[in-house]
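Labels A, B, C and D are assigned to the chains in the order they are written; within every chain, residues are numbered from 1.
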Amino acid sequence: MQNSLVGIGVIGYGYWGPNLVRNFANSECSRVVSVSDLSPAKLATSKRLHPEIETTTDFRDILQDHRVDAVAIATPVHTHYELALAALRAGKHVFVEKPLAPTSDQVRRLIEEADKRNLVLMVDHTFLYTPAVQKIRELVHEGAIGEIYYYDSIRSSLGLFQSDVNVIWDLAVHDMSIIQYILNEEPVAVSATGSCHVSGAPENMAHITLFFQSSCVAHVSVNWLSPIKVRQTFIGGSRKMIVYDDVEPTEKIKIYDKGITLDGSLEKAHQLRIGYRAGDMWAPHLAAKEALQTEVKHFVDCLRTGETPISSAQSGLKVVEILEAASRSIKEQGRPVRLGQSHKIPERA
Amino acid sequence: MQNSLVGIGVIGYGYWGPNLVRNFANSECSRVVSVSDLSPAKLATSKRLHPEIETTTDFRDILQDHRVDAVAIATPVHTHYELALAALRAGKHVFVEKPLAPTSDQVRRLIEEADKRNLVLMVDHTFLYTPAVQKIRELVHEGAIGEIYYYDSIRSSLGLFQSDVNVIWDLAVHDMSIIQYILNEEPVAVSATGSCHVSGAPENMAHITLFFQSSCVAHVSVNWLSPIKVRQTFIGGSRKMIVYDDVEPTEKIKIYDKGITLDGSLEKAHQLRIGYRAGDMWAPHLAAKEALQTEVKHFVDCLRTGETPISSAQSGLKVVEILEAASRSIKEQGRPVRLGQSHKIPERA
Amino acid sequence: MQNSLVGIGVIGYGYWGPNLVRNFANSECSRVVSVSDLSPAKLATSKRLHPEIETTTDFRDILQDHRVDAVAIATPVHTHYELALAALRAGKHVFVEKPLAPTSDQVRRLIEEADKRNLVLMVDHTFLYTPAVQKIRELVHEGAIGEIYYYDSIRSSLGLFQSDVNVIWDLAVHDMSIIQYILNEEPVAVSATGSCHVSGAPENMAHITLFFQSSCVAHVSVNWLSPIKVRQTFIGGSRKMIVYDDVEPTEKIKIYDKGITLDGSLEKAHQLRIGYRAGDMWAPHLAAKEALQTEVKHFVDCLRTGETPISSAQSGLKVVEILEAASRSIKEQGRPVRLGQSHKIPERA
Amino acid sequence: MQNSLVGIGVIGYGYWGPNLVRNFANSECSRVVSVSDLSPAKLATSKRLHPEIETTTDFRDILQDHRVDAVAIATPVHTHYELALAALRAGKHVFVEKPLAPTSDQVRRLIEEADKRNLVLMVDHTFLYTPAVQKIRELVHEGAIGEIYYYDSIRSSLGLFQSDVNVIWDLAVHDMSIIQYILNEEPVAVSATGSCHVSGAPENMAHITLFFQSSCVAHVSVNWLSPIKVRQTFIGGSRKMIVYDDVEPTEKIKIYDKGITLDGSLEKAHQLRIGYRAGDMWAPHLAAKEALQTEVKHFVDCLRTGETPISSAQSGLKVVEILEAASRSIKEQGRPVRLGQSHKIPERA
């Protein structure tokens, strides 16, 4: 019975690693064989909470361990590429904390390596596995919201400053993965501005606009220096509008039957007849599941079935491409940057 | 005694006009002589609520009325210039609904005319007269907030679409006036994006970033197609941070003793020592005064004393210049647009 | 045309009187002839806001005025009986601010007088005319909520202390009228506790429980010494539950598809199988109408059609009877007090 | 080193037991030796999360284990007395989930037994160890709030129905312990009402008023059938007022500088001069500590030092006495029930 469990090795036991360990350990289809971290103090914590899991300061111990089928990486972003590549070369399936790697070139090389070896390479875009985002996708895809006018999101809190990436790689990355997951369209250009208030540190505040072929627009505000935590997304459509507030303990999603109705065409120069539709609000019940639990199970399922993960390396690549373009735009105070050829995202089967 | 009251004529009795009439009428230092509007139905409403105030469909009746000392204009934006100019030429002091005029050139010509005739020309930036904004200015100016890192604002609701101006001239105009009022610095460039979801109508959604010489940045999100009303401003400083939520019935301003503390300088490549200071929150008591009441009184005071209004035509000019630049940037998907020479705003006496 | 308007006289121009004057004046089917108050300063305010309405310090001027068809009374509670009686005897229809009178005996005598003279006697239970309460009544009456388990309400704020009545006559009176309006059942007993924190003043805080023949229970908390304004009512039913928050600017009513489901009967001693049903939440759109506008129109309609008002004197009598019983219970620290014979309230036609 | 850790046995691994195990296990001064539960399935869960902790279906194994210094009991209320008594007789210190026992007689006998054997008997009133309640106590005791006028609390949610106790023993018990902890005075009488909406189940909704010798009053509303979770406590004082909302993720405590000011004495019959003081609001920063972690450490400290616990058995006795009296009052629809002789609670050293 123990044999049939997928063996997991976790590299990195800092902020996010303990969550990965806990969820892979609690899952019924996986077990955590070993954890590595450079800090013995962190490994001691792991030992206290999970006495049955081995620890090591050398990640190569994990890569060489034949009981390990898959490796989960939760280390600083600048190490993702090397560690993921080494793990793939060691024949392990790989699960990497977001973002997949700091450059799209590196991501492409990782994808190549994984494809060549027929290994699963999945990026940890946890939000896609929340009941809230899954509900929003369902509503958008079944047409309940109508044509999507905009996605407008604020994601801010006090900290955590990371020294090797700026705030868009830490926070906007979530919105980029959600946008890709719920919309049927890919952005064609990006304009972004950002600023830095701690000398020598990366940008701690940024605002990104994504342009689409259609009139749809996406905007994302991220901030590491906000006095309060805000996680608020507005999605406007021709039929309904959604307010998604992830800080709300319940009623995270509210769907408003509000919008505009146009009375015929434009009339005289200054007389556009616009009416407002103000109807009911509805907050669907959401299951109280931990997203990471759903996600690690999905990873293990993909290992077994060969299914392409929702947060596939390909989708992770798009996210990194957008963040790269946004970073370029930030350097030029908002000058728009084109993105690769726009095309419809194929529906997942 | 009646003689000493300043006589007011109000041109335009649509959305905002009734508020002007009510406040000038209730003020102890002014009386409303006459109201004009093109619509007899609207004038009938005025007559029912204020039987003692004369009405006319021809604004020239007001300009020719010697009992009228000052004219308040609350008509569509594209008529502001002509009406204000005519009123100044008729020797009346002028109070104009925001924005002062659709172009900065027009504003400059109005200022010239007013200066030449020694008349007061004031723009109705109502928010500057709210107890909330006055408190924020006081806190910023006395140094309680420290160095200002950012001003980040969201101003959205469902409607009202205007056919002759886009959403930034209707909503962002408020933030531009507030930014100018509370900061000691003028923006040097602007990057803005906007989009339109109603064919043939002006932009209904926009995002504006203002750059300053210092590391301060301002960002304003405005939206006419939001399912809920949002009026939220975050002001981050080196000492304290403010959350100003104008939708809150009480506790509109919350001041957080939160921030970051830097431990020495940058250390190793990936080890910036940033700590967080998480202290108390404080919500100062604000008087429950209607801002427009304070503002009309200020206008009348300026008439009598010759004092320069807080929302002077000069400050209104800056606002229009920024909105013009933002409009240009929107047309080019966020390309940054320089603003006129940056200089310290002189303190008001 | 003017002749067909119902002529109104308003007695009392303190806190509530100005609202009555404004609403009767703005209504298309009534006009305010005259206002009386003992204070010349208050009458001056009326004169300023409504130059066309006559004023007098002697309410008898109103009673003798043949242009006055109906009298609205907004004076301290202890004067209601005498003024209403005098108005009825002068042949006027009468609209009295809540509560109708300080004792049920007085209310009964007023009802007698009105019935004898075939005049309308209506009590101003404004909340019954709010879109929120009307929606709740509709939901309860159509069975959407199921069997009503409880009505639990909190109504508190800072002030206003009244010297001639305690807090239950000022605040709980609203809940008593709402309970009567939305439930099909009358309470059979009441237990109440109250306390006074200002020496010499009436009770400023009270808690009332109403018992019904069924398992339904109603509880009302009222407080004049609360730091924040709370207006929250929970209505629990077998099918759905309502949260009614009158302080919310929008979404005043939220309907939760939540409840309990019982798995068969009681099993073993300590094993009651109770499950929870946690479904969607729904906030119906409510019209943005001022309740008092609806109510004064209803009063005038009743005058013309002879229809019994929703807030009839009979319903006002029930409210006073309950408050009397609650006052007795307060004096005895919660000892339950029986109410008159319980019977089904007949449905309004 | 391991020897110096206090050995803990936990009896009951249902709803609360896992929290006790986790906290005693994570504490640096204790270790969990063994867990017992009647359900092998629950023990399997314990084994999975804590492989190093022994499990047994027979609690007597724990009582006979000499490595066990203290026993924590988290079983249904009706078993508390027998289990605690057996544990004390086995020479173990005892930590019991609230309430200590279903009757005050039983609590008294447990206290006797503990005193005779010089063992610590502590009740798990977790709320006393929250940063919020500790801050409130500090504010009250240092006089910042002034004379306490009232404590008014609402504690409701959907579930969890317990079959062996009614809602006041499950929820009001928290408020009773808090009231005792923060006030300097003991209640002298109680009036309570309650109702049951599930046939055969205990009361699921109740309202309790506590009377004090002074004008202070306490009121507690508890409900197992509320669509939303409410944890709101209002504390009114002569100098300041507190709103404590435990559902708030941050800013759980808000202190309002609001109140009343009296202008001299009572004047004429109907003219009490009451003014309102409306000042700032202040939300002190609270540490983000898990209360149960603080509490289990306090328990172990008391074992070692002989100090009387904050939530001593004596204080637990007072709570049970009040709940017993409230239960009697509920049976008689609010009839007030006297409590034992009132006396000042001695300050904790």
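Methods note: a residue touches a chain if its C-beta (ideal position, glycine included) is under 8 Å from a C-beta of that chain, and two chains touch if they have at least 3 such contacts.
These numbers were taken from a predicted model, which means no experiment stands behind them.
*Asks:* Just going by residue numbers, which of B-C, C-D or B-D has an interface where over half the contact pairs are the same as at A-B?
*Replies:* When the contact pairs of A-B are compared with those in B-C, C-D or B-D, C-D matches.
*Asks:* How many angstrom lie between the CA centroids of chain C and chain D, rounded to a whole number?
*Replies:* The separation of the two C-alpha centroids amounts to 38 Å.
*Asks:* Counting in whole Å, what is the centre-to-centre distance of chain A and chain C, each centre being its mean C-alpha position?
*Replies:* Each chain reduced to its C-alpha mean, chain A and chain C end up 53 Å apart.
*Asks:* Hunt down the residues of chain B that sit against at least two other chains at once, touch-wise.
*Replies:* Expected reply: 228, 278, 281.
*Asks:* With chains as vertices joined when they touch, what's the shape: line, ring, star, complete or other?
*Replies:* Drawn as a graph, the chains make a fully connected set, so complete.
*Asks:* In the complex formed with chain A, which residues of chain B make contact?
*Replies:* Per the stated touch rule, the residues are 76, 78, 149-150, 152, 154, 156, 158-159, 161, 163-164, 189, 191-193, 195-198, 200-201, 205, 207, 209, 211, 215, 217, 219, 221, 223, 225-228, 234, 236, 238, 241-243, 254, 256, 258-260, 262, 265-266, 269-272, 274, 276, 278, 281, 329, 332-336.
*Asks:* Across the complex, what residues on chain B touch chain C?
*Replies:* 26, 48, 51-52, 228-229, 247, 249-250
*Asks:* Under the stated contact criterion, what part of chain C meets chain A in this complex?
*Replies:* That would be residues 251, 257, 278-285 of chain C.
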